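Structures given as structure tokens follow.
The same chain A turns up in both complexes below, where it pairs with chain B and then with chain C.
The block that comes next holds the complex of A and B.
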């Protein structure tokens, strides 16, 4: 009884600490920008940022940029997940091809893919195509590596026992290989989704004509810092929601 | 690959093809080399016969004219600056990450209070605040180092906290009951247990630092690497662009490999 009370008190104290941390942060920000004489171009007043955020949400001017970014994300993720899972499955069919291809993909995975952005801009221009290409390249490697790991290392005893009970190729795939591999593949898909989102936002920031990353840069270069902060907050929330949704989907699909 | 029941084992005088096949089956690395070679040949053929010269150069020309990249005025200096930015950002991430990680991981109260905040920050896309880094730190090395640190620090903190938390309480209890002081516990129980996760964190941190510094470098297109990549892109010079990208990729792979080797070396004691 008293132990649980202690724990509750300790967790309450932690919540209080977190709350105090956020309050102090925002308080210092507010006081510094209101009375501290910090230039609003460098750090806008939180109240101004809030008003700008409400304005952005009310006028709905974010819709076109959000649509472009999401379209790029969905296209890139569809391509990389289809190609990655299919290719990974084909490679995982023989131990020999796993040993040939897996180190190859693992080695390529250690190259920072962002380096290819200038090349993709040369190939595909400044439009959505170069962002999609970068998103595909970034998310392809975690997806294919996890697919190979998922299908390739299913315990042989399961495969043998299913075979000896007379399972057909399809039954073997549907009832043995897929359930065994799915959790690992889903993790790969989640990682792929997250890094695709990051690389698409990144490439929009570096060189593009539209999209949320582009909007933030444009406002920053126009010294409209309050609105830029509002957009940053907007994008961060969108990204957190997307990541949370994918993690939840992963956890639900993993449940037997 | 499995033999069908009833097939006769191959006679000793096999055909050349069978012998080649057997040789490759025993050596996956050779098959891997062939795959890489075929990719390069495909690239060479595509660049020579199918793709316009202003978009793609064949690998033979890219690698034989690698020296022209270094002869371009300012490129060696820019590469040097990038390398030093990566180094400084990495050392700073390790130092700060170690201090914060230990502070958060060794104390239950601060762990419960600050870990959710750290995980939330780790989960936010930092790329969105890249323009702010440029606004605050200018277009010089400072902004790139700061952005690299912002990418490298979180994986280091998270792995160090996980490493410290994973120590079995029984080890600390037994050390305490044998009369170890706080410093002794840290030096002889916590510290050796931390080393593998410390190096794992360093590897993830290096990946993050590389990403952060390169993102900031590419974003600032008026100086450094970003200036040259956009210069080569806009002047449709794929030979030099591919050369510069290859040099940077080699640098990134090399740095990753050094940290990975160190990780393998220092976590050996746990495996046996």
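The block that comes next holds the complex of A and C.
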């Protein structure tokens, strides 16, 4: 009882410190831009950024860019999770194919995929297709690697005992392999989702026709720094919400 | 003829092919009859093939040569209607509660849905776990997990239960209590049990007969009968008869264990000197 109380107090204290840190950061930012003589083109005043953000939200001009970025993300993640989980399961069926493909994919996972963006733009143009292709490429590897790890290394004793009790192939999959592998696969899906979001936003800032990343670069190039900061804050909040949603889903599905 | 539950004839098993570095002759020309309702212990030095024999009887491993019959059926694969298993390690599914584990086993075996719940409750009560039905295996002690595994095997209502060092990972005191409970439980059910152990005391305390294995390649060296009615009381453990039987087992095993230790040192040295792809090692 008192131990959990201690823990709650400790966690409250660390939350308080985190909050104080952010407040101090914004405070320094405010003081520096108000009295420090920093050019508003380099670093706009937080109050100005706040007003710009309210304007962006009120006019709803973010909607078309947000829709494009989310469409790219959902398409990329659907493709990579479907292909990654299916292929990962098939590979995990034999020790031989695990030995062949796991090191191969692990090696490819360490390649900085952003280097392929110029190639993808050549293939698919400046529109969403090249962003989707990049998102698929980055998220495919963590998803397939975790799927192979999840299905491929199920404790043999579980399989043996299910077989000894007469489990059919489908029952073995549904009641033994899948629940054993699921927590690891879900972690792969979460990582895949996060890196897909990162690479899509990143590639939008490099070469694109629309999307949140595109909008941010456009505002920066137009020296509309306050509005650019407002968009950055907006994207940060969207990314936080998406990542929290995915983490919550993962945690809920993992609870036995 | 009808009072023989399991008939093992000239069973040999080897892992890997002759000439391969991992080639191991685990079991050599073993024959054995197990009577209906009998509790037979297999005991021997580690790596002697006693677990291999158990897996061959259970249909989890196909022998290189020889045959096994359960009743009149030749064993070609698992026989879930006739044979249930209790494994050494914790083979309960950690993502399911104790009662879900028991019910899953019955589902695999093909028991009708409505029958599963009452049968699961009954077998959990029999092993003293009625109050822990909704716990997850991770919330139970090692001894309780093995009780749950036993409940899962009992709920399948098979005639034969194979137990592969079911108490091997438990401490001495827990296994004593579990042994007593097992003896009491099984004396009521009349099941045929084949029980692999490396504990001399456990073998004498539980078994109607103890089959002693030689070192690898293992075969049955001698079978000792333990004439003592079930359920066995703790007092049996301190009796002169118990001590004599235990000593007899010890002298039979002593030389074999020495041989096995020499073998494993030699094979470890061979393994340390390189190569090996880790396929199908004997247990």
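List of remarks:
Keep this in mind: the second predicted complex is superposed on the first by the 236 of 256 C-alpha atoms of A that agree within 3 Å, B and C clash if a C-alpha of one lies under 4 Å from a C-alpha of the other, contacts with A are read in each partner's own complex, and residues count from 1 in each chain.
The rule is simple: contacts are C-beta pairs under 8 Å (C-beta built on N, C-alpha and C of every residue); 3 or more make two chains touch, one makes a residue touch a chain.
Quick caveat, the model's predicted, so the values are computed rather than measured.
For the composite obtained by overlaying on chain A, chain B and chain C can both be accommodated side by side without a clash. By the touch criterion stated above, A:171 is placed in contact with chain C alone, chain B being left untouched.
The partner of chain A that touches more of its residues, comparing chain B with chain C, is B. With chain A used for the fit, chain A forms the apex of an angle whose arms reach the C-alpha centres of chain B and chain C; rounded to a multiple of 10, it measures 80°.
When the two complexes are overlaid on their common chain A, residue A:83 makes contact with neither chain B nor chain C. By the document's definition of touching, neither partner reaches A:249: not chain B, not chain C. In the superposition on chain A, A:70 makes contact with neither chain B nor chain C. Of the two partner chains placed by the overlay, only chain B lies in contact with A:201; chain C stays clear of it. Shared-chain residue A:163: touches chain C; no touch with chain B.
In the superposition on chain A, contact of A:118 is made with chain B only, not with chain C. Shared-chain residue A:179: touches chain C; no touch with chain B. The least CA distance from chain B to chain C in the superposed model is 7 Å. For the contact definition in use here, the chain B contact set and the chain C contact set of chain A share no residue.
Those residues of chain C whose C-beta lies close enough to touch chain A in the complex are 58-60, 78, 80-81, 83-85, 87, 89-91, 93-96, 104-105, 107-110, 136, 156. On the side of chain A, the complex with chain C involves touching residues 157-158, 160-168, 171, 175-176, 179-180, 256.
Against chain B, the residues of chain A that register as touching in their complex are 10-11, 13-14, 17-18, 21, 41-42, 94, 96, 99-101, 103-104, 107, 110-112, 114-119, 121-123, 197-198, 201-202, 205-207, 213, 216-217, 220-221, 225, 228, 231-232, 235-236, 239-240, 243. Residue ranges on chain B touching chain A, taken from their complex, read 1, 25, 28, 31-32, 35-36, 55-56, 108-109, 112-114, 116-117, 120, 123-125, 127-132, 134-136, 207, 210-211, 214-215, 218-219, 221, 229-230, 232-233, 236, 238, 241-242, 245, 248-249, 252-253, 256-257.
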